[in-house]
Amino acid sequence: MSTNAKEIDNLVNQTYEAGFYTDIEQEFAPPGLNEETIRFISKKKSEPEWLLEWRLKAYKQFNEMTEPKWAHVEYPPIDFQEISYYAAPKSDEDRPKSLDEVDPKLLETYEKLGIPLEEQKVLAGVAVDIVFDSVSVHTTFREKLAEVGVIFCSFSEAVKDHPELVKKYLGTVVPARDNFYSALNSAVFSDGSFVYIPKNTRCPMELSTYFRMNAMNTGQFERTLIVADEGSYVSYLEGCTAPMRDENQLHAAVVELVVLKDAEIKYSTVQNWYPGDEEGKGGIYNFVTKRGDCRGDRSKISWTQVETGSAITWKYPSCILRGENSIGEFYSVALTNNLQQADTGTKMVHLGKGSNSTIISKGISAGRSQNAYRGLVRVGGSAENARNYTQCDSLLLGDKSAAHTFPYIECKNPSAQIEHEASTSKISDDQLFYLRSRGISQEDAINMIVNGFCKEVFKELPMEFAVEAQKLLGISLEGSIG
Amino acid sequence: MLEISDLHVDVDGKEILSGINLTVKAGETHAIMGPNGSGKSTLSHVIAGREGYTVSRGKIVFNGKSLIDLEPEERAGEGVFLAFQYPIEIAGVNNVYMLKAALNGIRNYRGEKELTSVEFLKLVKSKVKAVGLDESLLNRQVNSGFSGGEKKRNEIFQLSVLEPMLAVLDETDSGLDIDALKAVSDGVNKLRDASRSFVVITHYQRLLDYIVPDYVHVLANGKIIKTGDKELAHALESKGYDWLTDGQESAA
Amino acid sequence: MSNSLQAILQRLPRSNSDTGDWLERLRADALKTISSRDYPSTKEESWKYTSLHNLKKNDYLIAGEHNSGGLVKKIYSRDDFVEADKIHIVFINGFFQPDLSSDELLQNGINIRPTATKKADEKYNLEAILKTDLAETFSALNILTLCDSLLIEVEKNRKIEKVIKLIFIGESSESLLKSLRIIVRMSENSEARIVEEYRSDDKDSGLTNVITNLRLGQNSTLYHHRLQIESMNTTHIGKIDAQVDTGANLYSDSIVMGSKLSRVDIDVSLSGRAAYCRLNGLFTGINDQHIDHHTTIRHLVGDTHSDELYRGILDHNSRGVFNGKVVVSADAQKISARQASNNLLLSKLAEIDTKPELEIYADDVTCAHGATVGQLDETALFYLRSRGISYKDARALLIYAFAEKVIGPIPLPALRQSLENKFLGHNQMSEFIQQG
C-alpha cells in the first residue's frame, strides 16, 4: 500500500497558489472589540442610525453567548480583542467610478487570482463583485443588470441606495442571536454583496463575488443577502482566497438567502482560504453561517460547495423549506489535507407540504486531517409527504487521516420518506491496478478515481467553477464532466 | 515474445509459483489450465505487475526486456494486456474517458503522438462494432452496473482498442453463458494474427473449443506439469486433473 | 441535584462494613459521582432527545429485603417458568428466587452465581468489571443501590446446549428502584445462548437500572437476546458493556416493547483480530412510550468486523431514538462495518430521531451505514387487500414483515415464535397493530 502513499501525497500536497500578499495602502480599525469599534465601522460606512442600533443590539447578544464547542475541531482559544475588525484599501475614501480608477495593484492581485474583473471578460458573462478585506472594491456589469431591474452591489451601497429592501430582509433568515459567530458578524460586518432579483426575472448572467483577505491581523466579516422575488432565478458564485501567513485569521461570514414563490437561487462556492502550512501553522478559521429560506411555494435553493481551503471549516449551508413543494439541495466536496479540520454539512428543515431535499456530500481526507460531515434532516409535523435523500461518502487517502459522519435525522411526520446512505472507504488497490494495467500512470489513476468520486457534485457547478474546482483538487476533469 | 524461466513467486511468504518455464512466440495462443489454487491467477497477475507478489527467483522477459521491475502501466506500454477475471467497477469514471486516458498513456510511453478526441472516437466507433458491445455501455461508468457478460465483453473491447502484443485472458469464461462465451471468443479470434500472442487461462476446456490454442499447459501446485496440444484439454475434460496431479506426487 | 436523586441517596443503606475493601472504595467513588452530577440532561449530546424530567419527579424506594422485594413471589411456582431445554433463573423485584429457578446452576461447564457481588470476594475477580464507567450517573447509582447480581462463567471449550434464560420480574405497587448486574464471562472457545427478559405486572411503576457486562474470550461465541416487555408505567435504564477478544463472535439483540421510558446503551469493543459482533434491535412504541437506544461499536484493532440493524416501529404519540456510532481506531486496518437504521412511523404524532455516526481514524476500511424513515407501503397494503385480506390483517402482516428482518435471524425458535405472536397473535401488540 505505501507505494501509493507517496503519489497521493504528491497529488494532494500542492502548494497554495493564492498565497501572495498585496502591498497596498490600507486603513485599519485598531484591534479590539467594543462598542467604539462598532460605532467606528458604522461611521466609516456612513450608516443610518437604525443599522448602528441593529449592530449594537447584536453586540449585546454576542456578549451573552459562548463559543460553540460541539464541532469535531480543535483550536486554541481566539482572542477577539486582538483582531482588527476593519481594513480597507485607502482608495476607498474616494471610490473608483470605473475600473481605470481602481488601484492597479488591486487589479494585479485579481489578475493573479484569475478573476474576470475586466470588462473584456464580457464574453465570460459573469458579473463580479470584489470584496477586498473589509470592503467591496468593484462591481462589474452593474448597468447591464440594472436594465432588467437586478440589483447587484456591495452591501454598503445597498444600505444607502435600497434601505427599504435591506431593512425588510436583513437578519430575517439568520437572526443576530442565531449563533455566536452570526452575532459577532452582525455586530461588526463590514461589507459583502447584495442581490435583488425582481419578480419573474431570470438574471441574465451568473453573479459572482470574490473575497480576498489581504491584511494581517484582520478578520473578515462579510455579509451577503440575496433576495429572489417571485418567479425569479439567479445563479451566484462565491470564491475566496487569502495570503499565506503564520497567524490564524478569522473569517466569520453570514449569508442569507430569501426565496419567494416559484423562485430559485443556485449558490456555488469554491472556498480556497489559506489552509495553513504542512505543520498546521497559520490558516483561516472559516466559521460561516449560511442559510436560505424557501418562503414561497415551489421555491428552490441549491447549495454547491467545494471546500479545499481554511485551517478550520465550520459551515452548514442550510435550507428552511417553508413553502409547499419547496426544494433544498446541498452538494459538497470537502477536501482536507495536512492538519486541516473540516466540520461541514447542511441542515434541511422541512416545514412545507411536499418539500423535497437532496444532500450529496463527498469528503476526502488526506495527510493528518480531520474531515467531518454533520447534517440535520428535520421533518416537522406539518410537512406531509416530505422527501429527503442523503448520500454521504468519505474517501481516505493515507492512514493518518480521519473521516467522520454525524447525520441527525428527526422525523415527526409519518408520510415522510427519508433515506440516508453513507460509506467510507479508501482508494481501492484493485481499481488502481486495473487502471495502471491499462497503461494509465498511478498519479493519473488516482486523479481519475478521486474525480469520479466527486463527479456528482462537480456536475452541479457552473462550468467555470467546475474547472476551478478541478484545478484545486489537482484533478483532470477532462471528458468526465458535462 | 514472452519468456518465463524458473519463475518462483511468494505471496505473504508462501510460495505459490515454484519454477514456471513458459515460452510464447509471436502469433501463438497458449492455454494454461489447472485446478483451483494451482497458481493460474497468480501467474497472470505477476505478468501484469500486480502488487503483493514477490518474485523470489527467475525471469519474465518480454521482447528481450525484463518485466519484473516495471510498473503495471509500463508493462501496458510495452504491450502487455490482462483481461481480468473480475473486471473492476469504478464509480464516476466514464468508460470511454478511461480508455482514452489508457490509450494515450500507452502512446506517450512509446513516444507516439496522442490521439485527439475526434480520432479516438472514430477508433472507438469502429472497434465497438467489431466486438459487438452495446454502444450505450460506452458512456456508462467503468463496469458499474454491467452484467457479468457485459463486463467481459468490455474487457475484450478494451483489448481491441489498446491492441497489445500479448493478451493474458484470466478465466474470461467464468460466469458466462454459452451465447456470451461465443461472442467473447469471437471477439478474441478476430484479434488473433501472426504478430499477437494470447495466454488463455481457464479451468474448463469449454472455452478452448472456441479459442483453439496451439499449446495447452497444465499448472498444478505452482508448476507446469504437462504440456501438449488441444487434445490435452479434451483429456482433462474427460479424466479431470487428478490423474496428472496424482502422477506428479508419486513421481516426486 | 434533583429531589428524586437526593431522596434515593438519603435512603441508601448504611454501609455494613467499614473494612475499606475494594467494593467499599467503588461505592465511595460512585457517591462522589452522584454528588457532583445530577441525572443527565438534554443538554448533553447523548441525552439530546431523551428527557428524564419524569424520572426526576418520581420518588423511588430502593428495592431491598425489607420492602416488597421478597413478598410477592408466592404467587408464582417453579412450573410457571420451566421450559424445555432451558436453564431458568428468576429474579423478582431485584432479588434472586432460588425456589423458582432451575436447580442446575452449577454443572455442565457453567458456573452461575446469583449473588456474587454481595461481598468483595476476590475469587470472582469482579473489581475491574464493576468499576467501569463509575463517572456516569446510572452506573454509579447501580453500584450504590445494587440488589442481587448474577455471574455466569462458561468454561473453556464448552458449548452449553441449554439456553440460559434470565427472567427479571417487577411486582410491586410501590415505585421501586431495582439495580441489577449481570456479568457473563465466556472462556476460550466456549459457546452459550442467553436470554435476558424483563417483565412486570401492570401496576408496576418502578425503575429498573441494569448493567450487563459481557466478556468474550478468544474464539468464544455468545448469543445474547435482551427482551424488555415491562409495563407501561415503568422506566427502564439498561446498559450493555461488551468486550470481544480475538476470533470471538457476539450476537446481541435488543428488543424493546415495554416501559414508558426505556433507554438502552450498548457499547461493544472489538479488541482482538477477527472479532465480530452483530447488534440487532427492534423497538415498538405505542401511546406515549419513549424508546431510546444508543449503541457504540469500537473497532480497536485491525481485521474486526461488525453488522448492525435496528428497526423501529412507532405508533400513536410515541417517540423512538436511535444513535448508532461506529468508531474505527487509528491503525485498525482491514475493517468492515455495516449499519442500518430503518424506521416505520404509523401515526401523525409519532416521532423518530436517528443518528447513525461514523468516526474513522484508519484508511483501509469499508464502512457503510444507512437510515430510512417511512411508512407502510400503500401499494403492498392494497395488494394484500385485493387478495382478500382484511385491512387490519394486512397492516399487521406488513408491520410484522418489517420486524422480521430482526426477528428472523434469532436462532431460538421459542423466542422467535413468541415475538411473532406479539405481532400477529391476539394480545397487546395485535391491538397496537389494529390502530390507525
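By letter and in written order, the chains are A, B and C; residue numbering begins at 1 in each of them.
The criterion applied here is as follows: a residue touches a chain if its C-beta (ideal position, glycine included) is under 8 Å from a C-beta of that chain, and two chains touch if they have at least 3 such contacts.
Worth saying up front: this structure is predicted, and the values here are computed from it rather than measured.
Asks: Of all the chains, which has the CA centre nearest the overall CA centre?
Replies: A
Asks: Among the chains, which is located farthest from chain C on the basis of C-alpha centroids?
Replies: B
Asks: Rounded to a whole Å, what is the gap between the Cα centroids of chain A and chain B?
Replies: 49
Asks: Between chain A and chain C, what is the separation of their C-alpha centroids in Å?
Replies: Centres of chain A and chain C (C-alpha means) sit 44 Å apart.
Asks: If you average the CA atoms of chain B and of chain C, how many Å lie between those two points?
Replies: About 54 Å separates the centre of chain B from that of chain C.
Asks: State the interface residues of chain B toward chain A in the complex, per the touch definition above.
Replies: 48-51, 71-73, 75-77, 81-82, 84, 87-88, 90-94, 96-103, 105-106, 109, 117, 141, 158, 162
Asks: Show which residues of chain C lie in contact with chain A when the two form their complex.
Replies: Going through chain C, the ones touching chain A are 45, 49, 330-331, 333, 343, 345-375.
Asks: List the residues on chain A that touch chain C in their complex, please.
Replies: That would be residues 1, 70, 379, 381, 394, 396-426 of chain A.
Asks: Considering the complex alone, what residue numbers of chain A touch chain B?
Replies: By the definition above, chain A touches chain B via 3, 428-431, 433-442, 444-445, 448-449, 451-456, 478-480.
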